[in-house]
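What follows is chain A paired twice: with chain B in the first complex and chain C in the second.
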Partner chain A sequence: MLVHSRKGRWAVWAVFLVLFVPLFALPLLVVLGASFATHWSGVLPSGLTTAHYRSATRGEALQALTTSLVTALTASLLALAAGAWAALAGAALNKRHRRILDALFVLPVAVPSVVVGLSVLVAFSKPPMLLNGTRWIVILAHTVLVTAFAHQSVSAAITRLDPAYEQVAASLGARPGYVLWRVRLPLLLPSLTAAAGLCIALSMGELSATMMLYPPDWTPLPVLIYAATDRGALFTGSAVAVVLMAATLFTLFAVSRIGAKASYR
Partner chain B sequence: MGIRFDSVTVAYDGNVVLDSLDLTVEPGEVMALLGPSGSGKTTALRAVAGFVRPASGRVLLGDRDVTDLPPHRRGIGMVVQQYALFPHMRVHENVAFGLKARKTPKGEIRGRVAEALEMTGMAGYARRFPRELSGGQQQRVAIARALAIRPSVLLLDEPLSALDAQLRSGMLAELSRLHRELPGVSMLYVTHDQVEALTLADRIAVMDAARLQQCGTPRELYREPKSEFTASFVGGANLLPVTVVSGGVDFAGTELKADTRGAVAGARATLCVRPHLVGLGEGPNRIVGTVTEIQWRGATHRLYAEAGGHTLMADLRELKNPPALGDRVMLHFAPDDAVLLPAGVTHA
Partner chain C sequence: MPRRLLWAMPPVALLALFFLYPLALVVQQSLQPDSGGTSVQPYADVFASEAFRHALWTTVWLALASTAGCMVLGLLLALVIAFVPFPGAKAVARFVDVFLSFPSFLITLALLFIYGSVGMANGLWTDITGAADGPFQFLTTPWGVLLAEVTYFTPFVMRPLLAAFSQLDTAQLEAAGSLGARAPRIVRQVILPEALPALAAGGSLVLVLCLNEFGIVLFTGAKGVTTLPMLVYSKAILESDYSGACVVAVVNVLISVGLYGLYRVVSRRAGA
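This part shows the complex of A and B:
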């Protein structure tokens, strides 16, 4: 333990609470409170109701939740496939080439996501690559945005992987494909699921690029929240936000369960 | 099946790490590659396994030139220092890995896995995961995994280095037994530990600075080292800078009898004497020195004495009245226990 004295430990806890509560917990609690309110003029919300949740879990909002989940899962799977593939291929490159590859994959994160949204919009608005107006342009933009994280966490895991595993496997007569499938990917699984969780969380909350791209029949949940608060329906928006939060946490939990089951350590 | 290195040179970025190695391992022989780190011994093993491609030269397994074959087509068993058991597979799955990868019929796999585990004394642990085993047990499983594919060549890369001393001697005996049970398997055993090499190997190839220094049976290397490096790395030795005179050598003004065949009078040379062949008191070849250090090692005393600007080591049977520091002592050795070597670094 870093801090040994009892007083010191209390002080550290106090600093933690002072920083954590107003910065992280309070805003979330406010959203939770607002989602049950009809008025909020005093210190606490008043006119408690569950009506916002009724509207936040059906019709348009339910549609948007499904849209968000499908977008996040599809984009994350695509990003994981592309990112992991690139990371595995990059591991065989020499240092300089690998650095170029890494830089290419970091690019979408380094560039503001509005710019990514705009560039995807411009690039895919004309035939033969006409995706504008379809759900695929949203999924594509999300994939571009989250691939960086998938690539980064998988390539970090690959550098930590002892080359002795694949070498022993090869000496035992396993072809490179067999080694990849039976040895390297299973050993990388914990970091693959961690990367999947990160990608899903990022995609579920993505707004700025999505705003520029989404077609009327493919409205993700963050867009709906933005629209609701924009027209002044703060309490409805809060309820939708809580649903988004819960859905994201549930999905992350499910993914981490898969990861824990597959993990061998 | 034997292994042959045919002037194999390996270089990384122009840096030569193995310099035209010529070495033949006979079928069924245990060859130890012995040397300090950076001597090129592991590189030689990796060239056989196929993990490094020689810049020039050929590697042959039996009559087959495998220089350009990928590792998975060489049919070699390999055991590495850190075991590298697949952590997500149970022991029996680890041992079956090579057989499955080679598409061995299912019915046969079960028997072969059981046989390999039996041979290494791990039959009772088939259902365990590697993390549930001790280091020594993990290394046994790694050996079983390599033996399951019935390789005719087994590569062992510092297999005992991660084990503590007591386990190591047990595993050494175990490896000797395995070698007796598998007389057809050639083993290439890379180690920096001379005890392992002397115990296990039929022949030892001593490596230093990317080159093969000397290759021979343990006894040959011990009795007739050809260089100062071999003499000091295998067994440890007193290396005395001497000048050849008629019928012997001159060490710092003391004349010593020695076999000087092949040496010219007046030439500089190095006289190699093993510490345990040096005795205390009167004898044929006498050197007087001052005791600088004395260590009790249970059955023996290791005595360090300064003579003619050099430190002599003597391993003596436990002394009742060991000399004190600063005492003048007389040391001796038999003329035929000393080997005359070409002059080396000690003259510098």
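This part shows the complex of A and C:
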């Protein structure tokens, strides 16, 4: 306890509330409120309606929701496979090689996502690898963007792993493949599901690279929200944004449940 | 080649094909003007343009100002959560985690309702004073972007700080307090030296993320606020000027990769 007087504590808490509520709580509440409104020209929204949700859960918006979910799940699985492989292979390397590998896989975090989008667009718009105009170019860009995060969180977990387990297994005659499959991967499962959650959240909200790449028949939710607000339909955009937030949270929850279930087995 | 190195090759090959090779193509394209051949003409053209220099300046000062704002605000809020805890402080910390999993442009969308020309704040003002329009007209200026970036990125500073604070031995604070040090002095002389690495690491991550931020600027939709990522987008997609876009992209990559390297050095030294 840093502040001991009762008065001082209340003063500190008051300052905290004044800063925290308008900056962090209000934005999310406002988007939620706007999604149920038709007008907002006073303190509170007016013209309560659920019509925005009716349009946000069917037709174009429903398709965008499945697009976002399919993109996020595919990209996250691919990224997790590549990132975990790189992290596991990197853990066996000597220090110098591991540094190089880490630096390579962390690079996509530092490169702006718009530039990742541009580079993918430049590289895959011509034969032999013509992906431009297909859904795969979006999934590919998302995979590249989230692989770095998957690699980072898995390799952080590997360094915390107790080497005794695999040494015991190996000394009992288990082959490396068996040790990996029955000892290391089960021990890494919590961090793998956490990494999957992070990747899914990032991919669901990805806008910058997607804006450069999306074909007309593969429009993820963030692009749809931008299109709605750009033509002035702010309230419909808010409803779609709430759908996006709910879908992200629900997917994160489902992934963490799967992880918890699998680790108890 | 030893077998261990061989096992590391498949993911590296994939990364090279889908990330490094495309980046190399961007660099190559930035050296090829539309007239053909290889020259640095695109660079000269872009550097000479007023729009690029303006965007570069806007990007840099917005990122620096947002980072400073995030660090001050994040430190303040994290201090209160960790050391002057109130009922529900844990829930607030969890809320910060959830905040991180939402996309950045939601903040700009929300600010449109709060400070927009017919939003909450201006509505309140016109209701009370009877004026025709309210005083809050900053959303489409860089200040709107600044406010959105500070809001969105502050949790990125708070998270490492809260982790560092949880490892601080509270006995030190009690000792300093019983020896007569007041709260500001304890913060300055006991807490800050311990938390400085986490603060530096969080701050430099936010600096890189702000330099690369696109969603907030796009949703602000103001012609006056153009940052480097926005310039890449508008040159490539709206003007189809690919070599110009690639030049801006190369500049943007150099700035942010350089800073990110710095961040890695700082955070490694901090042990974070």
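Note that in this section the second predicted complex is superposed on the first by the 243 of 265 C-alpha atoms of A that agree within 3 Å, B and C clash if a C-alpha of one lies under 4 Å from a C-alpha of the other, contacts with A are read in each partner's own complex, and residues count from 1 in each chain.
Assume a contact is a pair of C-beta atoms (placed from the backbone, for glycine too) under 8 Å apart; a residue touches a chain by one contact, two chains touch by 3 or more.
Quick caveat: nothing in here was measured; it's all calculated off a predicted structure.
Q: Following the superposition defined at the top, how do chain B and chain C come out on chain A, clash or fit?
A: Partners fit side by side after overlay.
Q: Have a look and say if chain B or chain C is in touch with more residues of chain A.
A: The partner making contact with more of chain A's residues is C.
Q: Could you tell me the angle at the CA centre of chain A between the CA centres of chain B and chain C, given to the nearest 10 degrees?
A: In the superposed arrangement it comes to 100 degrees.
Q: Look at A:Gly59 in the shared chain and tell me whether it touches chain B only, chain C only, both, or neither; answer first, second, both or neither.
A: A:Gly59 sits against neither chain B nor chain C.
Q: What is the contact status of A:Trp40 with respect to chain B (first) and chain C (second): first, second, both, or neither?
A: In the superposition, A:Trp40 contacts chain C only.
Q: After superposition on the shared chain, which partner residues are touched by A:Ala174: those of chain B (first), chain C (second), both, or neither?
A: It touches chain B, and chain C stays clear.
Q: Output check: A:Phe16 vs chain B and chain C. Expected answer is one of first, second, both, neither. What do you get?
A: The second partner, chain C, only.
Q: State whether A:Val183 touches chain B only (first), chain C only (second), both chains, or neither.
A: In the superposed model, A:Val183 contacts chain B only, not chain C.
Q: Minimum C-alpha distance between chain B and chain C after superposition, to be given in whole Å.
A: It is 14 Å, taken between the nearest C-alpha atoms.
Q: After overlaying the two complexes on chain A, where does the chain B footprint on chain A coincide with the chain C footprint?
A: In chain A, nothing is touched by chain B and also by chain C.
Q: Under the touch definition given earlier, write down the residues of chain C that touch chain A in their complex.
A: Within the complex, chain C touches chain A at residues 4-5, 7-8, 10-12, 14-15, 18-23, 25-26, 29, 73, 76-77, 79-80, 83-86, 92, 95-96, 98-99, 101-107, 109-114, 118-120, 123-124, 127, 150-151, 154-155, 173, 177, 183, 186-187, 208, 211-212, 214-215, 218-219, 221, 228-229, 232-233, 236-237, 242, 245-246, 249, 252-253, 256-257, 259-261, 264.
Q: Flag every residue of chain A that touches chain B in the complex, lowest number first.
A: Chain A reaches chain B through residues 162, 164-165, 167-176, 178-179, 182-183, 186-187, 189, 264-265.
Q: State the interface residues of chain A toward chain C in the complex, per the touch definition above.
A: Interface residues on the chain A side: 1-4, 8-9, 12-13, 15-16, 19-20, 23-28, 30-31, 33-34, 40-45, 82-83, 85-86, 89-90, 92-93, 97, 101, 104-116, 118-124, 140, 143-144, 147, 198, 201, 204-208, 211-212, 222, 225-226, 229-230, 234, 237-238, 241, 244-245, 248-249, 252.
Q: For chain B, which residues are in contact with chain A within the complex?
A: 49-51, 70-78, 80, 82, 84, 86-88, 97-98, 101-102, 129, 131, 142, 145-146, 149, 155
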